[in-house]
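In the two complexes below, subunit A is the common chain; its partner is subunit B in one and subunit C in the other.
Our next item is the complex of A and B:
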């Protein structure tokens, strides 16, 4: 009898919920591809981990799609005149998922102790930091050694997630058993991970923002095959396909379905930019005229429209248009085969074979390489595509055994965080495919990059980066191909899914389902 | 013999189809001078809707007809060359094993069996993956997986022929063993080898297509298997991209099989007598 009563109550509650359900309630199924290696965001920061863990953990700041900082765990912040002191005031009443209070001590522990040890990309920025202190429970002060322009951009959840001090202090982080049941401050709590199948998150009832989150639960579904993911979306089994989870050719078909919406927004912070490494050390690609000829020979609009279904933007240079301090006041490279031929004649290119290494990430990238080869062969460049797999691609690019090689990298909102690393001579290190792989050396520009990073005045920095972009674009150290846009595909009755510059990787606290 | 072959309708059709395919392959550069990779029209052009592009265009706007004609070159080239190489390995090995017997036979056959125990396709994949996919490595890989049956066939034929009276006569006439093998024995084993070779070309074309389909083709050579492989992600929206190359493979392989059948009938007097009786 008691059991029956309980059931009746549950049903009644469910009905009551539905009556109110203009905004609150509901379940969202999102594809996660591939299955993340772990959910402890302080230890693992790859894409799938951040997609899921971004709901569990939070950073001090969030960033709009224009990359303006907005409140996260910090409700307000200030930067001193000299650009050396960053003061954050935390929200009151924030609790960890296990009920403990979130305080300034947690921030100090996360940034100064935990992440300094585990997070390589943040560590590079923390090198500018002298001290991190907590004058009281709700205030944190970052004291810098020298000004670092992009410092305000490092407080996003994937770059500086807040880690609970009471769980991790004094333990071995990598083997802490709480890594399996992550505790954060985010809008959703971890509930269950069925390996190979799904990750289940439930609403954080004690979330510090009144009325948020709207959703009751979120399922991150693991579906290994691209075609099956597309079918799962068609049959209604999943509601959201994050960028890159289906082949580009399927995007047009899926977005053409009734009641299906898509957005290219939510990647502004990462601003993935695709380019071809051009080996500046040897072969025809060591001649700047050859590199310029490549830029004129390629029909980049065609690739954007055909291979990427119109998603993305043709870049003007090394800085993506969504990234801060972008400038389009540079030499443009339109599709101009005649100009390319003239440049090749001038340098006396003799028809040597140039190898092209595609990115082994599926059909899209293979077709892209074929289109580039065709473009180049039409101006007389003899191109041969190398076959490769992921391991081979890593090996060949990091050992500099290539002539032209596809790649794409994130920019993290600021040239000093995600652009200069690919063009300054001090980042020429054999063995990594993520630094100055092309071997471009320009000591004059190196000094300008370094100076721009430590400027504090935005207008001054803009002027410095304008100059850098103007000069580097003429040198064509690499062949910039496309500002990638990975459309998020979702059902139109899901609202406010992507609201910030890191998109789904942020906590989806604003998302709600229209019933 | 030619008359006997010509009386087999299937075989004649096979020859006509093969001649057509060879003709297209030879004239590919005249028919489509811009090559198979040129992006000539808007992508996903449906077949039979625009003059000049009867078979439509693919995901990048490349002419499917150009791809088919240029792809015929790769298929035929790989098929023929790999068969020749396979014969070059299999015939001598089988002949020596069958003719000399003893430890030569033992050694050669154990070596052959070593290759026969590994599934053909799996071995081909491994070889191509190790060597990096180029036309040469693909041809070589196919040859390496297809010679063992040749060796066994030749061995059996040689063993049957070497006990014939005219071989004994040659031996009595004082001819050297090598001379007997090359002038008396081998010429009399040619017919089954020819039949087998025609079927091997067909198998080699299928193998090449399968490798390309899996993405292990030469990325710089347009082939039918590559066309189907590249089309499989869009098969629901663009059927013609996988259909036409599929038909091309089917028809070519069928033609080769028909020719093989016809040759078998024509060259094997026992069978043909049965047929006319």
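Our next item is the complex of A and C:
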């Protein structure tokens, strides 16, 4: 058997120079973790739902790994000089999975009616929109009230999924029976959901792109235990482990197996950035010197290398390096315990205990919290770890009941979409763990964030964000920890699995299996 | 009739107990931090006040606490378990969907562990002090002391990963679409590892208890009398000793049977078995109130039903119990 493998490998190597022909057919088994609560992407936008529903639903645009827009349901688009009019031309012959035609009316319904009511993140961007109209069946026009720089980035499937008007118009969206059998325009159709076991999708034979998708069927497998998921990949039960589905120490072991590949790509649009909320309102964390001391006390490289097994990148500030308008021209925070101690002395820190709330997402995060506590205690900060479950974490962060709290957030490609929401004073609202939870108030910067969002010229925006990053990094409103990298692990005979900056969530229409 | 009257009395008490449990559960669940709206908002990756308010209203969480409790109790009395807004389905459907898988797993483990446990216990007590007895008791101690979670993972590693004999995950082969006998065989193959892992612990308990109880009873006077009558060893063991020694085992089996619905969370998790234990655990994490309360109530009902059944079995095994009552 060994011998045979070696021969096959030699033959394969001999042909490797030639481009591989894409082969149609086959089945892919992908882990989904945890089991999604529902698949109707317009109603539920959590990670597992996006992973599965991204095959069923589609957006107007897709985005490359450099975050450049590329055609999706819209084949072309244009933006007026003044940045106020966005015109989209839709692909012809697109059909919903039930056979109805997809038209511009569906786009208007999705964005202006359905998602305006259900999608909190899109709602914030739609505040800039005056009207959405359909001059004809294949043209949609978004008319803005004022220019909004990142507007071209909101047409991704998770942000603005297209919803069938003929099914939802005039119904109670949350209880519509069709939510159980979602209808989209995507490359795969919903077939069956055995709760607790798997979700089965089948090829959309009438997909509007000729020759796509390549795969016949996709099974999303629910395996609740992380160690079991790793074993399921080893035994060949599943072919793909999406980012974050196994613990970090298993990643190295699995990627070391024969015929196993991995990629860190497919997360550029999300650019998950981890940080600690530091309560700016009260206690020692309300003092900027204390917050700076935390930054100097932490050995972030160590955490990246040991806790995250080398995956990820130490951030320079609030904007992740993959996100548009990133700048590294800011004050650096190297591991410098002496400087941390000096800052603590200067402020007169008297050893009060600070509570640290870890993110209850498994072993890695628990160890991370322990590493931070260790670092902070080395410079004399007393840390008490305050553990809870996911619901408790949500409750405590959104009710501001913490001193330091781990979190990580997506950036959605643009500072105005996924960054400013965590730092401007108008986003200080109890009840959500996704806004300005730390309570940072800086009216000068607020004005700069607002101005940068409405600029249309890229160079001008870059300059504005350079300035913002330079200033905010000195204030340390939160303690930036790591740009997370979630490698996707898969068998090497699966090709073109990740082709955009949205990765597996973008629908795996290009994926094919080499037989 | 004489048997039925006390059972009816127990049933009336049981219904009251169940209602009390339901109310207590309601308080417990609401005492935990967070609520389903906060969790859903937390998962969405973005949330504003409008979203939280919409969710609260839909879940009925905007009502005062006593109104929520009142409508919950009223629904329960009408056997209405409510709707899981998180999963978009009636709670009863969710439970019934998961119940068969769990019952297959736990009943198999129950039958295997009880049968093997009693047989091995009797065998060990008959050979007390000999090498085979020591071997059996040592093995039982080992099974008893091994954490279920570890045993489960080891079973997967050995029989599924290394040897490749048995499937390590799930309830059946996904996408194979077997029918008839082929499907039954497929499920059985998937059942072997989780059922044995779950069953080993209880088998050890039954075995040790049967052995100890057998040894105790075998010292009693009536056994000496039977021996003096000239009955053979096996007959004495079966008809005189076992019959008297089995009562504590029945008690314990009644306790285990009560956990048939909710007691396999770990096994279901490791083996990706689509059972009700996982439904309970995941609903708890998501604060899916109606679903957790529904599962809790079904579990509680099972405990009560099996307590009554255990009492009935006592009467069958030892008719004196019924006479005294």
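In this text, the second predicted complex is superposed on the first by the 493 of 515 C-alpha atoms of A that agree within 3 Å, B and C clash if a C-alpha of one lies under 4 Å from a C-alpha of the other, contacts with A are read in each partner's own complex, and residues count from 1 in each chain.
Definition applied: a residue touches a chain if its C-beta (ideal position, glycine included) is under 8 Å from a C-beta of that chain, and two chains touch if they have at least 3 such contacts.
As the structure is a computational prediction, the values presented were derived from the model and not from experiment.
Q: Looking at the combined model built on subunit A, do subunit B and subunit C fit side by side or clash?
A: Here the two partners, once superposed via subunit A, fit next to each other without clashing.
Q: Is A:387 in contact with subunit B, with subunit C, with both, or with neither (first, second, both, neither)?
A: first
Q: For A:235 in the superposed arrangement: first (subunit B), second (subunit C), both or neither?
A: A:235 sits against subunit C, while subunit B stays out of touch.
Q: With both structures superposed, pick whichever of subunit B and subunit C touches the larger number of subunit A residues.
A: C
Q: According to the stated criteria, A:306 is in contact with first (subunit B), second (subunit C), both, or neither; which is it?
A: first
Q: Of the two partner chains, subunit B (first) and subunit C (second), which one does A:373 touch, if any: first, second, both, or neither?
A: The first partner, subunit B, only.
Q: With both complexes overlaid on chain A, does A:76 touch subunit B (first), subunit C (second), both or neither?
A: neither
Q: Applying the document's definition of touch, where does A:219 land relative to subunit B and subunit C: first, second, both, or neither?
A: In the superposition, A:219 touches subunit C alone.
Q: Once superposed, minimum distance in angstrom between C-alpha atoms of subunit B and those of subunit C?
A: Between subunit B and subunit C, the minimum C-alpha distance equals 8 Å.
Q: Would you mind listing the overlap between the subunit B footprint and the subunit C footprint on subunit A?
A: On subunit A, the residues that contact subunit B in one structure and subunit C in the other are 227.
Q: Looking at the complex, which residues from subunit A come into contact with subunit C?
A: Listed in rising order, the residues are 27, 29, 34-35, 37-38, 44-47, 120-121, 123-124, 174-175, 179-180, 194-198, 200, 217, 219, 221-225, 227-228, 231-232, 234-235, 237, 388-396, 398, 409-410, 421, 429, 431-435.
Q: Which positions of subunit A touch subunit B when the two form their complex?
A: 226-227, 247, 249-250, 253, 302, 306-307, 358, 363, 366-367, 369-371, 373-374, 377-378, 384-387
Q: Subunit A touches which residues of subunit C in the complex?
A: 32-35, 38-52, 58, 85-89, 94, 97-98, 101, 153, 156-157, 160-161, 164, 167-171, 174-175, 268-275, 278-279, 282, 285-287
Q: Considering only the defined contacts, which subunit B positions touch subunit A in the complex?
A: 37-39, 43, 59-61, 132-133, 215-216, 218-220, 230, 233-234, 236-237
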